[in-house]
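Several structures are given next for inspection.
Both of the next two complexes hold subunit A, though its partner changes from subunit B to subunit C.
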Partner chain A sequence: MTATQAAPGSGVGRFLGQSVKRREDARLVTGHGRYLEDVLWPDAWHVAFLRSPVARGRISTLDVKAARALPGVRAVLTGADLDPLVKSWWQTAMGKDSPQPPRRLLAADDVRYAGEPIAMVLAESRYLAEDALELIDLDIETQPAIVSDHRGRWGAAKDGELVHPEYGSNVASTLPYPGMPDSNPALEEVLASAPHVVEETFHQHRYICVPMETRGIQARWDPARDLLEIVSSTQNVHEVRSTVSRLLGLSDVQVHARAEDVGGAFGLKCFVDSEELAVAAAAYSQQCAVAWIEDRNENLVAGGHSRTEDLTVSLATDADGKILGIKGHHVEDVGAFPTYGVGGNAGLAMMMLPGPYDVGQYFYSAEAVFSNTCGMTPYRGPFLMETVAREQLIDITAARLGIDPVEFRRRNMIRPDQLPFTTPTGLVLETITPIETLDQATEMIGYADFRKEQAAARAEGRILGIGIASYIEGSPAFGAAGAEQVTVRMDMAGQALVFMGSGSHGQSVETTMAQVVAEELGIDIDDVRIVQGDTISSPYGTGTAGSRTATTFGGAARIAGQKLKEKILQVAAVALEASPDDLEITDGVVSVKGTPGAAIGMEQIAAMAYAGHTMLPADMEPGLEAKHRIRNPPLMFSNACHAAIVEIDRDTGAVEIKRYVVSEDCGNMINPMVVEGQITGGVVQGIGGVFYEHFVYDGDGNPLTTTFLDYLLPTAADVPDIEIGHVITPSNTPGGFKPMGEGGAICSPPALINAVRDALAPFGGLPNVQPLTPEVVLDVIDGVPAV
Partner chain B sequence: MSDPHPITITVNGQARSAIVEPRKTLADVLREDLRLTGTHLACEHGVCGACTVLLDGSAVRSCLVFGVQADGAEVTTVEGLAPAPGELSDVQAAFRDCHGLQCGFCTPGFVVSIHAFLDANPAPTDEEIRSGLSGNLCRCTGYAGIVNAVRQVVRERAGGPPTEGVPTVAGHAVTTLPSAP
Partner chain C sequence: MKPAPFTYEAPTTLGEAVDVLGRYGDEAKVLAGGQSLVPVLALRLARFEALVDLNRVDELAYVREDDGAVVVGAMTRQATVEADPLVRRAVPVLAEATRLIGHFQIRNRGTLGGSIAHGDPAAEYPAVVTALDATVTVAGPSGTRQLAAADLYDGPMTTTLADDEILAAVSFPVWGPRSGFAVREMARREGDFATAGTVVGVTVADGRITRAAISLFGMGPVPLRARDAESHLVGAATAGLDLTAVGAAAVAGVDPPSDVHASGRYRTRVASRLVARALESALQEATA
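Moving on, here comes the complex of A and B:
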């Protein structure tokens, strides 16, 4: 069941708006994909890392002599070998002077999380490299780890021992930033005088990206070519090049980074972490080829962690449930070595907490703290805590006021007549449709009828609940990320190569961007090929992340295509002795409008543009190539409403998701099949996060969920069919596209938690905890107080 | 005992020989010694199913089998399922039709598992399909496109009408242009 409400001019064409099958698929379904591990160089030395078995301590013995002596081992490198090579280490998006913890490739004196790399073996095979690890003599004098437990962790990180003595504090960062107001007196007045103020603290546990292809990199330094060649499983090849060249003091022209097929990332492969940099440094210092493929245990323990935060929200309303003000305080655990800067997502969470509502007065503060755990990395919807907390608090507030949660939302949502709407944080929302998507989602799921069904079920002793959640997906495109370039080049034969700095890792970019270009040029999609993920051939770019590909690359592709089309028509106009304005392109043929006989094919036009340039006017540049670097707003928005119905087994505490509905507005859809795939995949990551996935440390900082037997991903048997409705309101950026890749993961946690909370309302309500394991659910049913 | 052993495996109908250490997994033998890299490794502890191959007709996790154990056996990998080069098996085609993959890393394991599953149960219920797929992990798709792909193959093998258009994850009715690939 799907409904589509489309505004006029919603961009459906020969290819745009069509569910074109993916051109990636033929190779991937037959086993002919080329992922990093499929293209390892025959001369590469294989890496295994010796990792810290404890969360914190001083290294008293590190003896690698026996390992170095093992036949087949080329080298065993320690911090003493590699870290002197480090010239400079920072992430482009964060800037050179942004604060960050002390960085090191390999721990030499002390260790700061369980899993931190200490030494690396280079051997003829991974098998041999792991043999050599067993010959390394390592002793660590364990120190008390700064690790929080599940509930009361935040106090522990502030006092006493420091995760990073060099940093001087366990507080990694705070909001408001220096220079910003540190309170909002008008909000304090509202909170003191409003008829209703509800305050709750919501907790989100540690759950993580776990792409099916783990991290990996191979690097080869060739002094004769003066070139460090890299193939990496990455979202952003240019960041790989930049980070490595800065690290080793090389120039950008001395480093060539590229990616092959990338087996998922979800944020994990945005930045370049210490293991990847250690491989590049080893290749440089050893003057050879070095390869590392992370194994799953490494990926779980040291591959970057996410979530792990609390958000306290106070919400003031008048007597009728109109929101008068919101105040938030956010505390995040960023681990020891966040992959970017000092980690943390509070800056964006601060901007987005008001969501699709007109909230009146507003203030937000935050604190990020280091701990002796794996560092924070971005994970799909990194700042989703704002939606997770807000949407739960709305349900709790509505229940206390005796107002239906859907009605409460509708009363407070930004109305069409308020657009463009400027939020308290200065965001300008121009084309959002929160009420329309709320209406569509509640209609699709049959909200009104469900309440009757629920009452009847409760009378039979069954436990049913419904949960609604709404949000605005903010896609940050700060700095270079908002200025992506697409170059379209048509060679002598009349087909188009499209060069872009994207880094597809499942987003179907080879298909969707070809749709955009083929549409503009009027040629067949089979005559368009996308080239990406290579620092030599791709225009400088920031890769695929943050839901930006459609808006930035898609927008640029559209305009680059328009520019090339103009040029094609100019050349054709010479050949046809007509005005370009009188020409049209149909299926790769340019003809004079209304005169079908006067026509010329793309191959002839291309030949004329290059080889026949003497026939062109003197002021016309030969060739057929156009580029456009887009300038998009720093934040772009889509919106959606999710609705879930769950039934709880009162004996086992198991939660069954009986229905799941999404109504979303991502503007013009390039490929509805791909849009729906992104939504569904995101929703199921939320299902995993709420019910199954939990990376657990014990009180000493030892990781306990180190395999897929302990870190549980949802399977096909755990998820329902996802029903999707579309409201189509074009954005004001080229193509009318909006960002949407992360929303499924952002809004599903609160929708699901709200459904469970609604189901358990007769039992006294749900504590603000995650994950919602059967134990948590059964404790509510059995009346056991929350810990 | 750790000396390399010569082995011969019939892989996708072809006798292939290699000399391998006893500790080397079948997955690594296929990928490294026989250069069949379609079989992927995503956990190496038997949970995710990405490395699934058919060993004498049965679906197995090739990360949990040693190469020497497959000596003399017949192995089918994802590369051996299509009827001819450039063609797709019905399961592979259904994955493309139904958007059953995004990054594609888990896909070979799913495709091999589904061939074995449908050989054993040609007419599964929806619940049996979901249960049958639950031994393979996918992180991208949310499984909707994969479930729909299995439904399509079941329908087609039962003599149902050929699939028209693209049944997307939500059953969203859309039209595919004749010129689309």
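Moving on, here comes the complex of A and C:
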């Protein structure tokens, strides 16, 4: 079901705003996708990593002689072989000087998480490489691991034992940043004097990206061409290229990175991690081709972890439930080697905690701590703890005050007449519509009627609940990420190649960006092809991440398309002896407005632009190519409201999601079907996080959920039909698009948790435990204290 | 996740398979549907010099009636069992339990014999075999022998079969008229192994229960029979039966395992309620 509430001028055209079928699908759903493993070079040596079996300890023996001697093995490399090759190691977005844990390609003296790579075998096949692993003699003197217990008590992160002695502290980073005020006295006054102050700590357990295609890379150093050639499963080829060139002391022109189809990433493939870099270093030092396809076991244990945090929030209100102030303290576990910088998400969470509300006074502090676990990596909505905590606290506060949670939200949401609204952290919200999406979602789900149904069901002993959550999705486009380029090139036959620095890994970029360009050029969408993911052919860019593709690349594509259209009209004007202003393009034909007989086809125009350049005015550059590099604000926003109805089995604690409704406003939609696909996928990840997925370590830092037998992903059978409504309020950037790729994953956890909390209200409070396994739920129903 | 090297043997008759297996002794393993064995090999949790593939042994794939029992060959696919008209009529709980095994793709490959020989304590088939007092036919170097279900399991994923023996068939006794059955389980997701589950069978005559069987799965190292609860049921009037009390009796003294999915305490509570639900449904079927 879809409901749409559109503002005027919402940009619907021949292709734009239409649910054009995904051009990727024909190949992807018929098994013709081409992933890294489909294009492995026949001469590549296959890698298997020896990984640490324990979380922390000193390596006392590492003997690889027998493994090296196994027929079919080319090399067995250790830290002693590879780490001396490392010249510098940092992420472009973080900069050279941002703090980082000590980095290494392979652990040499000690190990710092279970799964850390220690040695790498290069063999004729992965089978042989794994045989060789078994011949390596490894002894580790185990040391006590620094781990937080999986229910979110951080007691172990003491500074007596250090994850990284070189770093000097287990505290990876803190907020406020040095130089920022370390308290807000006005907020303290509010908290001391407000009629109601509610404080709760919310926990979010460790759950992770798990893309269908795991990480993988192949690299080949060709001394004759002075080129390191890389194919990687990545969101960002330019980051692969630059991280590798910096690592090995090569220049950017000595490295060529590209991607094939990428089978999902969710943030895991934004940056480049030690295994991928080890492959590049091995190819360079061994002067050969080297390939590594991460297996699922490795992906779960060492592929980068996410979430794993606590947020304590205090909310002050007046007697009527008007919010007067809000304070947050965030504690994150970033593991041993977070993939970027020191890995914390608090910086963005801090900006976003007030959400779509007018919260009055505000303050936020945070601490990120290292542990002997797999490092933190970005995962769709990395900062989502702000929404997860705030939306739960709003429900708890509303219940305490005896105010309906929907009414409580409505009273505190930023109203249209307050726009543009400057938040306490200085964000300027110009076009958000939180009240409209709240109204649409509650109407779609039938909120008022549900309360009656719930009362009747309770009388029969059934356990039903409804949960609402609202948020604004902030998409960061700091630095180069806010300045993406699109180049549109029309060759002599009149079709368009579109070059972009994006890195689609499931976002339908080949479809949506072709829609934008085809719309602007007035040609058929089948005459447009998107070229991305290649450092040689794509303009410099930061790839696809952070919900930016529509706003940055989409905006740039629109303007580049407009520029090319102008050029096309100028050339056509010469041919038609008319003024460009009197021309229009329809279905690939340029004609004089009102005189359809005076017309010229795109192919003739293109031929004239190149081969017929002598006919063009002297001051007109021949050819048909246009580019635009956009300049977008560093943060853009969309907003949405999610509503869920659940029913709980009284005997088992199993939760069934009976309805799930989303109302969102992402401005002009390039393709509503793609928007809905993005929302649905995100919601499924929220369902996974709340009810199924949990990466568990024991108290010694041993991973317990190392296969899909124990790390439970939601399947199609566990996911309800997701009903989506749209409110359309264009942004003020080219195209009127807004960021929306992560919101499904951000807002679904609190909507679902709130629904369970509402269902369980007659049985007492929901403990601060995640995920909500049937056992957690049944313990509440049975009144049994949690284990 | 690549298996260590092994030799691959593909016999076409049961006799040949027994011979080949005998040559390797405990160095070989039988390959049926591969749905449990292949992941174990890929993770290198186990390794064998040889795999003896039974997939070409056609004589092991059948369902037939034999002297008041339904006999199912070991290599019969779970999907075949699920759809078989004889199974559905004569041993309906076997078909019902099959639907709870994994997903259809797994049931298309997975075999009845593989599941029973594998002996996962949280699996459905071993619990059905245990509840129904099925008999297992085992083929070895010195011929075939019959084994009662009660004597089949030794511990988690271990049977009393010798290394050179092959499970050839399972014989399910057909219960008489006015019998009812049910299987109930709690699984984290559709298709998962059970966190806890139960198989219940009853026969009713003149308003009294004349025969009762309750097995539990996911509740111990092997599928368990709730003998105490059964003996309380036999002779009891169906009217006014305290289902909750039967459920409680069925789990009394059971000490189920704890793992990342649930504690033993949760398993106990849920199993007792599942027994009550299953019994209610089985009684309804028996008295319908």
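Note that the second predicted complex is superposed on the first by the 782 of 787 C-alpha atoms of A that agree within 3 Å, B and C clash if a C-alpha of one lies under 4 Å from a C-alpha of the other, contacts with A are read in each partner's own complex, and residues count from 1 in each chain.
Going forward, contacts are C-beta pairs under 8 Å (C-beta built on N, C-alpha and C of every residue); 3 or more make two chains touch, one makes a residue touch a chain.
Computed from a predicted model, the values in this text were never measured in an experiment.
Asker: Could you tell me if A:Thr707 is touching subunit B, subunit C, both of them or neither one (first, second, both, neither)?
Answerer: both
Asker: A:Thr652 in the overlay: touching subunit B, subunit C, both, or neither? Say first, second, both or neither.
Answerer: A:Thr652: touches subunit C, not subunit B.
Asker: Is A:Thr715 touching anything from subunit B or subunit C once the two structures are fitted on A? First, second, both or neither.
Answerer: both
Asker: If you count the residues of subunit A that each partner touches, which comes out higher, subunit B or subunit C?
Answerer: It is B that touches the greater number of subunit A residues.
Asker: Classify the contacts of A:Pro416 with the two partner chains as first (subunit B alone), second (subunit C alone), both, or neither.
Answerer: In the superposition, A:Pro416 touches no partner, neither subunit B nor subunit C.
Asker: By the touch definition at the top of the document, which applies to A:Pro144: first (subunit B), second (subunit C), both, or neither?
Answerer: A:Pro144: touches no partner chain.
Asker: So, A:Leu778: does it touch subunit B (first), subunit C (second), both, or neither?
Answerer: Second partner only, subunit C.
Asker: On the A-aligned overlay, A:Tyr127 touches which partner chain: subunit B = first, subunit C = second, or both, or neither?
Answerer: So A:Tyr127 meets both subunit B and subunit C here.
Asker: By the touch definition at the top of the document, which applies to A:Glu723: first (subunit B), second (subunit C), both, or neither?
Answerer: After superposing on A, A:Glu723 lies in contact with subunit B but is clear of subunit C.
Asker: Once the structures are superposed on A, label A:Gly72 by its partner contacts, choosing first (subunit B), second (subunit C), both or neither.
Answerer: neither
Asker: Once the complexes are superposed, what residues of subunit A are shared between the subunit B interface and the subunit C interface?
Answerer: The overlap between the subunit B and subunit C interfaces on subunit A comprises residues 127, 295-296, 707, 709, 715, 717-718.
Asker: How about subunit C: which of its residues touch subunit A in the complex?
Answerer: 1-5, 39, 43-44, 103, 186, 188-192, 195, 260-263, 265-266, 269-270, 273-274, 277
Asker: Over in the complex, which subunit A residues touch subunit B? Could you list them?
Answerer: 1-2, 4, 14-15, 18-26, 28-35, 37-38, 127, 210-214, 261-264, 266, 295-296, 505-508, 524-526, 587, 672-674, 676-677, 679-685, 707-709, 713, 715-719, 721-724, 744
Asker: Flag every residue of subunit B that touches subunit A in the complex, lowest number first.
Answerer: So the residues of subunit B in touch with subunit A come to 21, 23-24, 31, 36-45, 47-48, 50, 77-79, 81-82, 88, 92-93, 95-97, 99, 101-108, 111, 129-131, 133-147, 165-166, 168-177, 179-181.
Asker: List the residues on subunit A that touch subunit C in their complex, please.
Answerer: Subunit A residues touching subunit C: 126-127, 130-131, 134, 295-297, 651-654, 692, 694, 696, 704-705, 707, 709-710, 712, 714-715, 717-718, 773-775, 778-779, 782, 784, 787.
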